[in-house]
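Two complexes are shown next, each including chain A; its partner changes from chain B in the first to chain C in the second.
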Partner chain A sequence: MLGSIFAGVGDGFLLFLIASGLTLIFGVMRILNFSHGGYFMLGGYFVYQAVASGSPASLPLPLFVVAVLGGALLVGAVGIATERLIFRKIYQLSDIASLLGTFGLLLVIEGVAEVIWGVNPMSVPFPTLLGKSIVIGGVRVGTYSIVLVGVGIVVAVGLWVLLRKTPFGERARAVAEDRYVCELAGVNTALVSTAVFALGTVLAGLGGALATPLIALTPDVATAFIIEAFAIVIVGGLGSISGALIAAIGFGVADSLAITYYPPLSGVIFFILMFVVLLVRPQGLVNNARGLA
Partner chain B sequence: MHAVLPKRRGGEARAVGLAGPLIVIVIAIVVIPSIASGATMFLMEQVLIQILFATSTNFLFGRSHMPSFGQAAFFGTGAYTVALWYSYIPVAALLVLAMAFSAVCSAVIAAVSIRTRGIIFANVTLALGQGMYLLAVKTSWVGGENGLPGISAGSLSMHGIWYLTGGVVVAAIAVCWVIYHSPFGITLQALREDPIRLEFLGVRVARYRLAAFTLAGAGAGLAGGLFAYTSGIVTPGTMYWTQSGYPILMILVGGMGFFWGPVVGAVFVTLLLNELSGHPGWDLIILGLVLIGVLLFAPRGLLGLVKSGWQRFAGSAERRDPVPEGIAP
Partner chain C sequence: MKKQRITLAALAAFSLVLAACSSTGASNDTTSSSQSVETSSSSVASSSETQGSTDSGTSSAATGFTGDPLKIGFLDTMTGANGNVGQLNLQGAQIAVDQWNAQGGVLGRKIELVVKDEELSPEKTVQHMREFASDKINLITGFTSSSDVLAAKPLAEQNNQLIVTAGATDTSLTTTQHSKNVYEVAANVHMMNVAAAHLAGTDWKDAKVWDGVAYDYLTGHDAWDEFGTLLKTENPSAKTGKSAFVPFTATQNTPFINSLLAGNPSPASSALYYFMYGGGAVQFAKQALPLDLFSQYKYVVGFAGGEEFSSALGAEGPHTYFIHDYFYQAYDNPVNQAFIDAWKKLPPTQGLKLAGPHEWTEEGYTAMLAYLNAIKTAGSTDTDAVRSALSTISFESPMGTVKFDPSNILAAPVTMWQCKGDASAEIGYSCFGSESVGPEVTLAK
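Then we have the complex of A and B:
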């Protein structure tokens, strides 16, 4: 029971990585981004590409760490390129049109991955030292779950510090609050947008990179994970990072418990929870009409 | 954004608006079997089915601005209804049943989703539709991930199925056209422009939204039922959420403000996908670029381009009909 809850918390932090980027981008640019799942998937493929030449049986931990960080940064570079080329134009569209525009971009990214890597599932092994489980206080926990929890906490705290305690965070929150006034005040809002987009896509890439040992990597991963991430940001309250964290961990734990105790419910539990939460609180868990919380 | 009120037109002009394009479709349905191979006929059947799917989805998306991202689920419930019962129930009755079952499912989903608007509505329909997809994947008596193969339409031959599909789609399009231009359809458009004012006027907005959602679900279910008969197999893949994006894509490509927009878009997109089917990956890339291109450069779709191009060519400014609005820029 406790072991499966802990595994769920690990999965929850993984979901938080993708959902927090989605939330950041929505908060500052007011755009719900379907293509975010594409950046997640690219993070996975970049790691696969980096470690593919090695022996399938063992993946040295240092190589994995370098591949994950490099993959995440590379995804950020792709994010900056797409932001400058395509999103600049999409921002100006209405809510629905921009949502559909990002759907188009998701199709393009998935198609590119299909052309490069094909549709057959790829797998990345657990890195050495991280494929086992250890017993802590009578509870058996996977070492990889510990890593996910650790990374998730670092990212959550880091985001809080970045948004609350730095000049960049101040600007990002100000643009989220009122872009027009920021422009009048001389803030380079285009640069803030690009930076926030880069940050969001790095987080998505990091999530995808860390997910590689846990999933079968196919281009479909892009469309599968974005739905769960959407469910999280809607349930958490659009634009709220703390809400996304609560919802992500809640979903992760519920799904993990479902896998352990009633497998048919795994996956479906996301939509049941979303259904229930939206019936009770249509505005999501953390109400946050404007700005980043 | 002010409402573009439909001009009053005489019954004759309206009838021509329906009959003209419909005659073209009927002629195609009659001619194709004598000139086309089996594979081409199958492709054309899929074009007809997508025409029906996109046209019924346009009651939500184009007519009432309810961007549902879950219509594939109702297409799927119709298809599964046929797949489960084809050996017990005659074709005509089963298609009606498929339509009715999908209508019921969409009414249930609508009960929750019409409480929301805009992108949240898109997300709620997306999530609930995806939930139905997962249910199909995990339910063993509907075949799980493999779906249900071996569906046959009783004693109907290949040509029989062709005329069945053609007849049903033509009849359904005619019914859709009448509803689209009925007081009910016009009210949906008003609801798209200004729901709050409509509520003040005493119109039960929620009821109209529920009705539009149910109607669109019924149309999707009928299209799904035909899909099951023509393809002979139904898999959960037909309910996957990206499949819900295709009717929206078709509507946008053709022109969401026109009744015939989804028809043009369905023909264009289905044939394009078929052309690209030999190049895995490229089909998605081209489709995504088409979608982005339409949103940025042609929000009124192909028919909007044709209409404004024709007006510029003809140049008779005082007799200008407004070109129907596309997706809000």
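Then we have the complex of A and C:
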């Protein structure tokens, strides 16, 4: 039981990194961005390109940290470019049209990745010191998973501080609540949107970069993770970062327990929980009637 | 209200994506247009009268083709999750085509491949099979997915087309779902299981408990069950232990790994049956490495995949015994040497670090050799004549002289070889220690 919970929490925090950016972008721009999985994938490939394409025998931790941060920032730059070139047009579309538009963009990003890196699975070695496990309460836990939990907590707290205690957060929440009034008040809403989109894509890139030692990098990894991230965002409450955190950990643990105690439910438990939560609480776990929560 | 509408829209779109992903294997949702692959020219190192080519494939162009080019259909998954398999199958088929064209083609005609991407989708498979029929292409190869072969089979029978599969491995294709229009080149799951059980009773006799991990689909469950049955015969002192079945879409593997570790495998007397391939096999391994799963087993035996696993894991890769149809170091004959030589002249495969041709390349190569030898023997490209020839001829392949079994599976050896991460190797791993189990063993049970 303890082992399943540890495993689920570790996986949940990784999913939170992806879902937090997704829900942040929705909260401000009111757009469900299917291409978010593409930014996650790009974060992974950027790290691979920087540190692992030459089959290194080992990966020094400082180099990995630099690659992860650089990869996340690079994805943020791609995010800014796509926001300015593509998303500003998508914002004007209806809900369904914008969903399909972002899904189309996801396919384009996957296609570009396929051209550049091919379809064969790739991986990044564990950085030194983080490729082992420790025993907690009789259960073996990977040190890298513990690091992921730590990063997830830092990101969650950081986002809370950013959105609640800084002028940028104040503006972002204001735009999320009423963009029109903000424009009348002289807030540069386009700039806020770009900044929030960049932050969201940096989080996706960070998730992808940090996931690389634990996954097989292929272009379709973008789709695999975005499906789970979407379920988390919907259940947590659209636009709710705290809801995404609760849902991500809840889903991670539920899936882990299902695998351990009733394997036929593994993979399906996500959608059963989503169905149940939406029946009981259609607005999601954390009610976020307006703006960011 | 607005928010509820968006939630509903999100759910609708979400369902669409799920449906799309489940039917396409998360592949790129673009339709690949039909394309004729231009064949390159190469020199004739020796005039091979026989079914294989010993051409080392270098320079001068063959001339004197007569008549229209012979178009052979190549239908495989070229993009998305399993696109790597299809692309390697195509690489092998193209090597065979180039070698034969350099020697004058077949029946004096230049050979051309017409390549279509079925995107791991039965619907696309059916669509492309119909296109082949309307284009009068009756000889088709490729095929990674056994499900897609089953989708293509009724059309092949209806339109009198032949299929020689390169990568499909499901045992049912040549047993319960047998068709006189379908021939299978790759060793099927049954043959690999028999070979593994045979080795479990000989080379790996000291493994007393076999745990298993497989993809959570019918073939994965059937393969593990069959191996357990065969193990009882081949090594009565051994037994099966824990098993885990991993969904194709799983992003989280740790609980499966923990469930295997809960059985307390012994590094001295336990073995792991690893029926996973592609990205899923790599991802499972990545999450198993920090938990020391592989070092708890004396033998880790991987099925249906090979160096793509070791290539992705590099120096971290565990010592793995692979069971599949072909390994380039295992066979010493002119056809294999010519095949390896031709492969070495190709540009490196994107994202794959190899020291020799991958078995999926060999499958595409041998499937094409089967067709070309059958056409040559039949003296015709007529479906019935080629089918008759396929069922009777022997031909030289990289694994030696082979012929199709009456069940339409190629009676060729199953090969076991070992690879492990090796920081001193240029490609990050090294492979060694191969052994063959012949069809007299694998097809006898």
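Criterion: the second predicted complex is superposed on the first by the 278 of 293 C-alpha atoms of A that agree within 3 Å, B and C clash if a C-alpha of one lies under 4 Å from a C-alpha of the other, contacts with A are read in each partner's own complex, and residues count from 1 in each chain.
Keep this in mind: a contact is a pair of C-beta atoms (placed from the backbone, for glycine too) under 8 Å apart; a residue touches a chain by one contact, two chains touch by 3 or more.
The model shown is predicted, which means the values in this text are computed figures rather than measured ones.
Undergrad: After aligning the two structures on chain A, examine chain B and chain C and state clash or fit.
TA: By the criteria stated at the top, chain C and chain B clash after superposition.
Undergrad: Using the touch definition from the top, say if A:Arg164 reaches chain B (first), chain C (second), both or neither.
TA: In the superposition, A:Arg164 contacts neither chain B nor chain C.
Undergrad: Check the residue A:Leu214 against both partner chains and state whether it touches chain B (first), chain C (second), both, or neither.
TA: A:Leu214: touches chain C, not chain B.
Undergrad: According to the stated criteria, A:Ala7 is in contact with first (chain B), second (chain C), both, or neither; which is it?
TA: Second partner only, chain C.
Undergrad: Check the residue A:Glu110 against both partner chains and state whether it touches chain B (first), chain C (second), both, or neither.
TA: A:Glu110 contacts both chain B and chain C.
Undergrad: Going by the contact rule set out at the top, does A:Leu279 touch chain B (first), chain C (second), both, or neither?
TA: So A:Leu279 only meets chain B here.
Undergrad: So which one touches more of the residues on chain A, chain B or chain C?
TA: C
Undergrad: One more residue to check, A:Arg88. First (chain B), second (chain C), both or neither?
TA: Touch partners of A:Arg88: none, neither chain B nor chain C.
Undergrad: For A:Gly101, decide between first (touching chain B), second (touching chain C), both and neither.
TA: The answer is first: A:Gly101 touches chain B but not chain C.
Undergrad: Answer with first, second, both or neither: which of chain B and chain C does A:Gly131 touch in the superposed model?
TA: Only chain C; A:Gly131 stays clear of chain B.
Undergrad: Choose the clashing stretch of chain C with respect to chain B from the list 60-68, 150-158, 294-302 or 384-392.
TA: Of the stretches 60-68, 150-158, 294-302 or 384-392 of chain C, only 150-158 runs into chain B after superposition.
Undergrad: Give me the intersection of chain A's contacts with chain B and its contacts with chain C, in residue numbers.
TA: In chain A, residues 32, 95-96, 99-100, 103, 107, 110-111, 114, 118-119, 219, 223, 227, 230-231, 234, 238, 267, 278, 282 are touched by chain B and also by chain C.
Undergrad: Quick check on the complex: what are the chain B residues that touch chain A?
TA: My answer: residues 65, 67, 112, 115-116, 118-120, 122-124, 126-128, 130-131, 134-135, 138, 240-242, 245, 248, 252, 280-292, 295-296, 299, 327-329.
Undergrad: Using the touch rule from the top, collect the residues of chain A that touch chain C in their complex.
TA: 3-4, 7-8, 10-11, 30, 32, 34, 52, 55-58, 95-96, 99-100, 103, 107, 110-111, 114, 117-123, 125-126, 130-133, 139-140, 142-145, 213-216, 218-221, 223-228, 230-231, 234, 238, 252, 255-257, 259-260, 263, 266-267, 278, 282-284, 289
Undergrad: Where on chain C is chain A touching in the complex?
TA: 3-7, 9-14, 17-18, 21, 25-30, 79-81, 83-84, 87, 216, 244-245, 247, 249-252, 254-256, 258-259, 261, 278-283, 286-287, 289-292, 308, 311-316, 349-353, 423, 426-428
Undergrad: Residues of chain A touching chain B in their complex?
TA: Touching chain B from chain A are residues 32, 86, 89-90, 92-97, 99-101, 103-116, 118-119, 219, 223, 227, 230-231, 234, 238, 264, 267-268, 270-272, 274-275, 278-279, 282.
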